[in-house]
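Reading through the C-alpha cells given below for one structure.
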Amino acid sequence: MEETLTLLFGQTIQMFLVLLVAPAITGITRRTKASFMRRQGAPIIQPYRDLIKLVRKESVIAENASWLFRSAPYAILAFTWVAAALVPTFASGLMFNWAADAVALVALLGAARALLALAGMDVGTSFGGIGSSREMMIATLAEPAMLLVVLTMALTAGTTRLPEVAEFLISAPVTVRVSLALALVALVIVALAENARIPVDNPATHLELTMVHEAMVLEYSGRHLAMIEMAAQLKLVLYISLIACLFLPFGMAPANTGPAAWLLGAAAYLAKLGIGAMMLGAWEVSIAKMRVFRVGEFLGGAFVFAFLAILLAFLTREVLN
Amino acid sequence: MNHAYDVSHLLAGLMLVASFALLYQDRIFAVLNIFAAQAILLSMAVGWEAWTQQRPHLFITAALALCLKGIIIPVALHKMIVRLGVHRDVEQVVGVGKTLLLGLALTSLSLMLVLKITVAADSFTREGLALALAIILLGMLMMITRRNAVTQIVGFMSLENGLILAATGARGMPLVVEVSVAFSVLIALFVFAVFVFRIRERFDSVDIEALEHVRGDTK
Amino acid sequence: MMTSVPLVIGIPFVSAAVLVLVPGYRASAAGNVLAMFATFLAGVSLLFVDAGASSYFIVDDMNILFIILNTLVGFTASVFSASYIGHEIETGKLTPLFVRFYHAMFLGMMGSMNVALTANNIGLMWVGLEMATLITVVMVGIYRTPSAIEAAWKYFILGSVGISLAFFGTILIYLAGQKALGEGAPAMTWSLLQAAAPQLDASLLNLAFIFLLIGYGTKVGLAPLHAWLPDAHAEGPTPISAVLSGLLLNVALYALLRFKMIVSAHPDAIDPGPIMIVMGLISLIFAAFMLYQRRDIKRLFAYSSIEHMGLITFAFGMGGPLANFAGLLHMAMHSLTKSAIFFAVGHVAQAKGTQRIAGIRGLSVTHPGLAIGLAVGVFAISGLPPFGVFMSEFLILTTTFARAPWLAIFPAFGLLVAFGALLWRLQDLLFGEPTEPAHKVSASSVPLIIHLGLVLIAGIYLPPTLVGWFERAAEMLK
Amino acid sequence: MTGVGFSTAPQLAGLLVAIVLYAAAAVFAAIFHRHKTALAAVYPFCIVAAAVAAGAGLAALIADTSAGFRLPLGLPVIGLHIRLDALSAFFGLIVNLGVLTTAIYGIGLDRDRDLSARVEPFFPAYALAMNLVLIAGDAFGFLFSWELMSLTSWVLVVSRHRDAENRHAGHVYLVMAAIGTASLLFAFGGLAGAAGNYAFDAIRAAPPGPLVAGLVLAGAIFGAGSKAGIAPLHAWLPLAHPAAPSHVSALMSGVMTKVAIYGIIRIVFDLLGTPVWWWALPFLFLGATTAVLGLLYAVLDNDLKRVLAYSTVENIGIIFVGLGLALAFKASGLAAAAAVAMAATLLHCLNHSWFKSLLFLGAGAVLHSTGRRDFDGLGGLIHRMPVTAAFWLVGAMSISALPPFNGFVSEWLLFQAVLAGPAFPEPILRFMSPAVGAMLALAAALAAACFVRAFGIVYLGRPRSREAAEAHETARPQQVAMALLAGLCLLGGLFGSVAVSAIQPLIQMLAGAPLPATGTGPTPFSLVAFDAARSIYDAPTIAVFLLISGLLATLLVHRLSGRRTRLGPPWGCGFPEASPLAQYSASSFSQPLRRVYGATVFGASETIDMPQPGDDRPARLTVRLHDYAWELLYAAPARAVVRLSERLNTLQFLTIRSYLMLVFGALIVLLLIAAVWF
C-alpha cells in the first residue's frame, strides 16, 4: 500500500514535471538558435509568458467553426500529455508506466495528430487544408519509421514495454550494435519531422506556402492556441525523453527505488533534456529548410534506416539464439 | 459359292465406278443418268444377294431400288429441272481433277480400314463392306463438292445406295432395316419435293447458294 | 409385363391420325393436350408394371426416367402450344390448317421419340429417331419465311447425313454381333448385345462407334456437327424449340449412351471416354464463346443447349459412378430447365413482339413475373443454387478435379465464359429503361411454373427412387 | 450415416429458429411486395431474428458448443450436414450483429423513396444465406449457401438497375463470384477425393496429401480470397459494394467479407490437416500488399462509398497477414505466438465488421440527405448532421487504429505477433515478418491519412454544393443503429481483453493453444499478449488517464483565462476566400500522397496545360492514374474473350456445304485415327 502510494506519487510528479519543463525546453532551443545567430534572443522563460498571455487573451473563432474545432485543443493536449506522462523519464517502473507500451505510445500521438489535422480542416480555409494534408503525408512516412524503430528496440530488449527496454539497456552490457545506430538516426529524423522542426518545417514562419504545422493552427487564438502550443512543446519533450530512454537511459532511477534515487534520476533527466534542446537548436541553425516534396525522400530515408535496423535486429537475434 | 462372291464383288465394284463417274460428270442430265445406272446396279446386286442367300424378301428391296431410284426419282428430277429451268451444267466448287484424287484417297482409306479391322469377318462381308463404305464416302464427297441442289440430292441418294449395299451385304439382317431405309428414302424424297417447291415459291432457283443469304442472327 | 409400353407409343400415333381428320384448330389443340396427358399417365404407369425386355422393347433403369420425363415435357409443351399457337393465328403468322397439321405432327414426333426411347431393337431405335427428326424438320419450316425454310433445309440436309451415318453404324453393330449371336433379330437386340458384349468383334465395334458418334452426335448437336441446331431453334415455333432442346437432344444422347454401354463393356474395344471428353469439351467451350455474339434470344439459348450437351457428353466421357450420376441428373435437369426457358422466351417474344435482344429491355419493370421466370430459368441453367443443375455441375467439377485436376480446368472455364455471356444478356433483358411495345402475355405460364418448381425441388431434395435409378444406370454406364 | 450423430444444442436450435424467421420474412415480403407496409415489416422481423441468432451465437461461443445433425436433403446418400461449433458461432455473432444494426437502420428508411420489392424481400434472404454458409457441415451445403449468398446480394446490387454503372457492377460482381465459387469447387473436390467424401467430418478424417493440399490451398485462397477482396482480385469490390443500398453495402463490406474469411479459416485451419510452413507465404505476401494497396486506392479516390470499399480491401489484407502469421507459427510449433496472431485476426474480423458497418451507415445517411457520394459535392455536414458526424468520427478513429477505440486492440495484438517473428526456424519467414510489420505500420499511417481526409472533406469545412448546404439530420432509427455500433467500437476498444478471454476456446481450437497469459495483467482489463513483463495494453487505465488530463487541462485553462470567446470571419492569413470551392478539395488533399506514392504504384502522371499570357482559356492540370489490377486482370481477359468470340462467330455464317464439310471432316479424322490406332 505504502509503496503503491509512492509510485502513484512518482507518476503524478512526472505528469506535472513534463508539463512544467516543456516550455523551458522550447525556450532553450530558441535561445541556442539566437546565440548561434549572434542575436541576444528571448529569455528562456519567454514561452511561459507567451502561454500565459495567450490564455488570458480572448479567443476569436470563425463563425463557421464547429464543436470539433472548439474541443479539439483539449483532446490534443490530453493525448499528448498522457503520452508524455507514460514515457519513462527520470524513473522507470512508475505507477502507470505499464499501461501503454511503445506501440500504444505511437498510437496516442497518432490520435493527437489526427485530431489536429481535422481541426485544421474545420474552418474550410485553403491554408488549413494545406497544413493538414501535408501533415498527414509526413505522418504516413514518419509513423511507420517510428514504429519500426520502437519495434527494433523492443526486439533487442524482448519487450515492447519502455521501462523494461530501459532497464535492459542499463543492466545488459550493451555492445554497440549497428541496428541501434540506424534506429537512432531514424528516430532523430522522425522526431524532427514530428515536431515540425527544420528541415521538414519551420516553426518560426508564417504566411509561407511551405509551412505545415503552423498552417493547421492558423485559425486558433487565445486559450485554444495556448493549448496547442503547449501540446507541441510537450511533444518535443516527449521525443527527447523517448530518445533518451531508448538510447541513453543511464542515470534513470531503476524500478522500485525510493524518492531519493528519483532525485538523481530527475537531475540526469533534466540534463539530458537540456542537452537535447541545445543540440536541436544547433542543428536548426546549421541547415536550411527543404521543399515540401523533398520531405518525402528525407523521411523515406528514415523509413529505410528503420527498416534496415529491424532487419538487422532480426538477424542479430538469429545469431543470439 | 465362289462365283457368287465374284458376281456380287463385280456389281459392287461397278457401283463404285458409277460413283466415280458421278464425281467426274458435270452435266446435270448425265449425272441423273449415271445415278439411275448406279441404282439399277444396286438392285441387281441386291437381287443377287437375295438369290445366293436364299432370302427372297430381299427381292423387295431390289425392286424398290430399281423402281424408285432407278426410274421414278431420276425422271422426277429430270422434269423438275426442266420446269424450274435450272442451268444444265453443275458448277463445282473443287475442280474435277482434285475431286477425283480426293475420291481415290477416300476409297483407299475405306478399303484399308475395313480390310484391316474386319479380319474376323468372312471375306464376303469384308469386300461388301469396304466397297459400301467407299460409295458412302464418295456420296458425301459429291455433296460437298457440288453447289447445285439437285446434285446434292443425287449425292445423298448415292450415299443411300451405299448403305443399302452394306445392309444387304450383312447376312441375315432383318427386313426391318430395308423397310426403314426405303421408308426413309421415301420420306426424304417427299420432304425434298416439298422443299424444292417451297424454294421455288421463295427463290427462283434451286441453287442453295441463294438459300444461304439469310443464315440467321444478322448483325 | 410391359403392358404400358404399347400405350406410351400407341396413344400419340393414333391420336395424331385422328387429329389430322379433326376440323378446327381449337379442337385439335385440346385433343393434343388430352392425348399428351394420357401418354403422360401411361408413362407414369410404367413405374408400377415391372421393368423388363422383349425382343423389340425394353424398360429398365436406364430409360424409365427418360420416358417419364419425355411424356411430362411433351404434355407441358402441348399445353404451352395450345395457347401459344393460338396466339400465332391471331397475329396471322399461321393459318388454321397449318395449326391442325402442327398438332398432329407434334403427336407424331412425341410418339416416335417414345419409340426411340423404349426400343430394344437398335434398328427400331434408329427408326424412331429418324422419324422424330424428319417430323421436326417440317415443323421448323412451318412458318415458311425465308429464314425458316433455310433453317429447315439446313436441318434436313445435315440431319439426313446424320441418319445415314448412324444407320451404317447400326449395320456395323449388327455385323459385330452376328458372330456371337447368329444371324437375324438377336444380333440387333440391345439387351442381348449388351449381355454378350465381351464376345463381340472388337474392331467392328470400334468402327461402329465412330459412325454412331458422328451420326447420333449430329442430333445431339455436338460441335462441329451442331450447325443445324441454333437456326432450327430460332426459326421454328417456340414450343418446338422447347421440345428440341428439352427432348430430342436427350433422346439422341440416350441412343448414343446405349451404344457406349456395349462398346465399353468390351475389354478390347476402344475406350469411348477420351473421344467423348474431347468432343464434349469442344462443344462446351465453342458454344460458350458463341454466346457472346448472339443477337437473337432463341439462338442464344440454343447455343446454351449445345454447351450443356457438351458438358453432359464430357461427364459421360469421364465415367465413374459420380460423373455418370451427374451426367444423367444433368440431362434431366437440363431438359426441364431449358424447355422452361424456351417457354419464358416464347412469352417474352410475344410480349415484346420481337426475338431480337436489342429490342427487349427493362422486362423487370413491365413484366415482373415474366422477368422472374426468365431470371430463375437462366440462373438455374447457369448452375446457381438452389436449382438442380447446381448439384450436377458440383458433382461433375469436383469429381473431375479429384481425378484429373488439369482436366477440370476446361469445363470450368467453359461454364464460366458461358455464364458471363448469359448474365450479360439477362441483365440487358431485365434491366434498364423498358422498351415498347409491352403487350399482355397470352400464353399459359403453368408449364413454366411446373418445370421451374421441379428443378427447384430437385436442387434441394432428390427422392430416393430417382437416385436409385440414376445410381443403377450409372452402374450400367461404367 | 457419415459419422454425425444427431446431437443438437439449444444454441443450434436458436440459430435455426432465427433462420426460419429470416426465411419467413423473405417469403412474406415476396408475397406482399405490393404493400409498402409489408415491405417495411421486414426489418423488425430481421431485428428479432438477428437478436435471437446473435444471442445463440454468443452462447455457443462461450459454451464452446459443438452440435450438429444430418438432413436427408442436398446431395443424395451424403445428405445435408448441419454443424455448429465455436468457429461458426463466432462468425455467426459477427453476421447477425451486422444484420441487427443494419436492420435497425432499415426501420428508418423512407417508405415512399427507399422501400422497393427489389430490396426488402432479398435483405432477409441474404442474411439467411450468410447464416447457412456458417452452419453448413459439408462441401455441397457450403457452396450451395455460398452461391446463394452471392446471388441474393447480386439482386441487391442491381436493385437500382436504371443506372448503367450499377448494372455493370452487378455483372462484374456475379461473374467474379462464380469464378470464385468454381475455384472453391476445385478446393473441395481435392478435399473430397475421388471417393466423394463431401462431409466435413469425412474430410477431417482423411486429410489430403501434400500436393493436393497445395492445390486446395490455392483454390481456397483464390476462391474465398476473391470474395473477401484480396488484391489483385479485389477490383470487383469497389464497384459492387457501393452500388447496393447503403445498409446492404454495410452488410456486404462489414459482414460478407468475414464470411469469406470464415471459409478460408474453415478450409485451411480445420479441414486441410496439419499446416506446412510455406502455406503462410501467400497469406503474408498477399495480405501485406493488399493492406497497403487498398489504402493507396482509398486515399486517392473521390467517392465516399468507394473509399470505404477500398478500406475494406485494406482490412482484409490485415486479416490475411494475421492468418498467415498464425499459420506460420502453428506450423513452426510456436503455439503461443499462433494464439496471439489468431486472437488478433479474429478480433480484427469482429472490429472491422463493427466500424465498417458504422461508416457505411453514416455514408448512407449522408447519401440519403444530400443525394451525393462524391467528395466534391459534400462538406460542412458537421453543422447540418452533428449526430451522424460524431458517430462517423468514432468510426473513423476506430478504423485508423487510434486508441481508445477497438481498431487499435487488434492492431496492437498483431504487432505483438510480428515481434515474435525471430523465433521462426525458416529464414524466409524470419525475414518476412519484419517486412510485414513495416507494411502494417505503413498501412496504419495511411489509414489515418485516408480517414482524416474523408471526415474532413465530408463533414468539415464549408458545403461544396447546394444539396450539402441543405442537408438534414438523418432519422432517429438510423441514429440508433449508428449509436449502437459506435458504442460497440468504444467498448471493444476498452475491454478487448474480455473479448479475447471469451474466444479462448476458439483460439485453442484453431491455433492449438489458448492465449498464454490472459488476466495476469495489473488490472483485470489489461490485455496481455505473451506475458505481463513483455507487453501490456491497458485501455481503461489509459482512458482514465485521458479523462483526468483532459479535465485537468480544462480546469487549468479556464481558471486562468477569462473564457471570453468572440465569433469572427475566418482569418485565413487575411485572405478569406468567398467561394467554398476555393477550399482544399479531396484531390488537392491527396496530392502530396499522390506525389509520394502514386508514381510507383499507379503510374500516375500529371500534365499541366498552362496558357500563354493574354490567352484567356483556363489552365488545366490533368492527372492520369492506372489501375493495373483492373486493366490486367479484368479488362484484358474480358477483351480477349470478346475478340475470340468475334473470331469464332464466323462459324455461324457458313454455307450448308461447308457445314457438311465439317461433319465429313470430323468423320474422316475419326476414321483416320481408327486406321492408325488399330
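Note that the chains take the letters A, B, C and D in the order they are written out, and that residue 1 is the start of every chain.
We take it that a residue touches a chain if its C-beta (ideal position, glycine included) is under 8 Å from a C-beta of that chain, and two chains touch if they have at least 3 such contacts.
Since the structure is predicted, the reported quantities are computational estimates derived from the model, not experimental observations.
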| item | value |
| --- | --- |
| Least hop count linking chain A to chain C through chains in contact | 2 |
| Most remote chain, CA-based centroid, reference being chain D | B |
| Chain B and chain D, separation of their C-alpha mean positions in angstrom | 69 |
| Chain centre separation (chain A, chain D; CA means) in Å | 35 |
| Length of the line joining the C-alpha centres of chain C and chain D, rounded to whole Å | 44 |
| Whole-Å gap between the CA centroids of chain A and chain B | 100 |
| Chain D, residues touching no fewer than two other chains | 652, 656, 660, 667, 671, 674, 678 |
| Per-residue overlap in chain B, given as positions that touch at least 2 other chains | 113, 117, 140, 143, 152, 208, 211-212, 215-217 |
| Chain A: positions in contact with at least two other chains | none |
| Chain B residues within the chain D interface of the complex | 93, 106, 109-110, 112-113, 116-117, 137, 140-141, 143-144, 147, 152, 208-209, 211-212, 215-217 |
| List of chain C residues in touch with chain B within their complex | 121, 123-124, 126-127, 130-131, 134, 137-138, 141, 144, 146-147, 149-153, 156-157, 160-161, 163-165, 167-168, 170-172, 174-175, 178-179, 182-185, 187-188, 201, 203-204, 206-207, 230-231, 234-235, 293-296, 299 |
| Of all residues in chain D, those that touch chain B in their complex | 652-653, 655-658, 660-661, 664, 667-668, 671-672, 674-675, 678 |
| Partner chain D, residues of chain A touching it in the complex | 15, 52, 55-64, 66-68, 74-75, 77-79, 81-82, 85-86, 96, 98-101, 103-104, 107-108, 110-111, 113-114, 117-118, 121-130, 132-134, 136-137, 139-144, 147-148, 151, 154-155, 158-161, 164, 206-207, 218-219, 221-223, 226-227, 292-293, 296, 300, 303, 306-307, 310-311, 313-314, 317-318, 321 |
| Chain D - residues contacting chain A, complex | 379-380, 382-383, 386, 389, 393, 397, 400-403, 408, 411-412, 415-416, 418-419, 421-422, 430-431, 433-435, 437-438, 441-442, 444-446, 448-449, 451-453, 455-457, 460-462, 521-522, 526, 532-538, 541-542, 545-547, 549-550, 553-554, 557-558, 560-573, 576-577, 580, 582-584, 588-593, 595-596 |
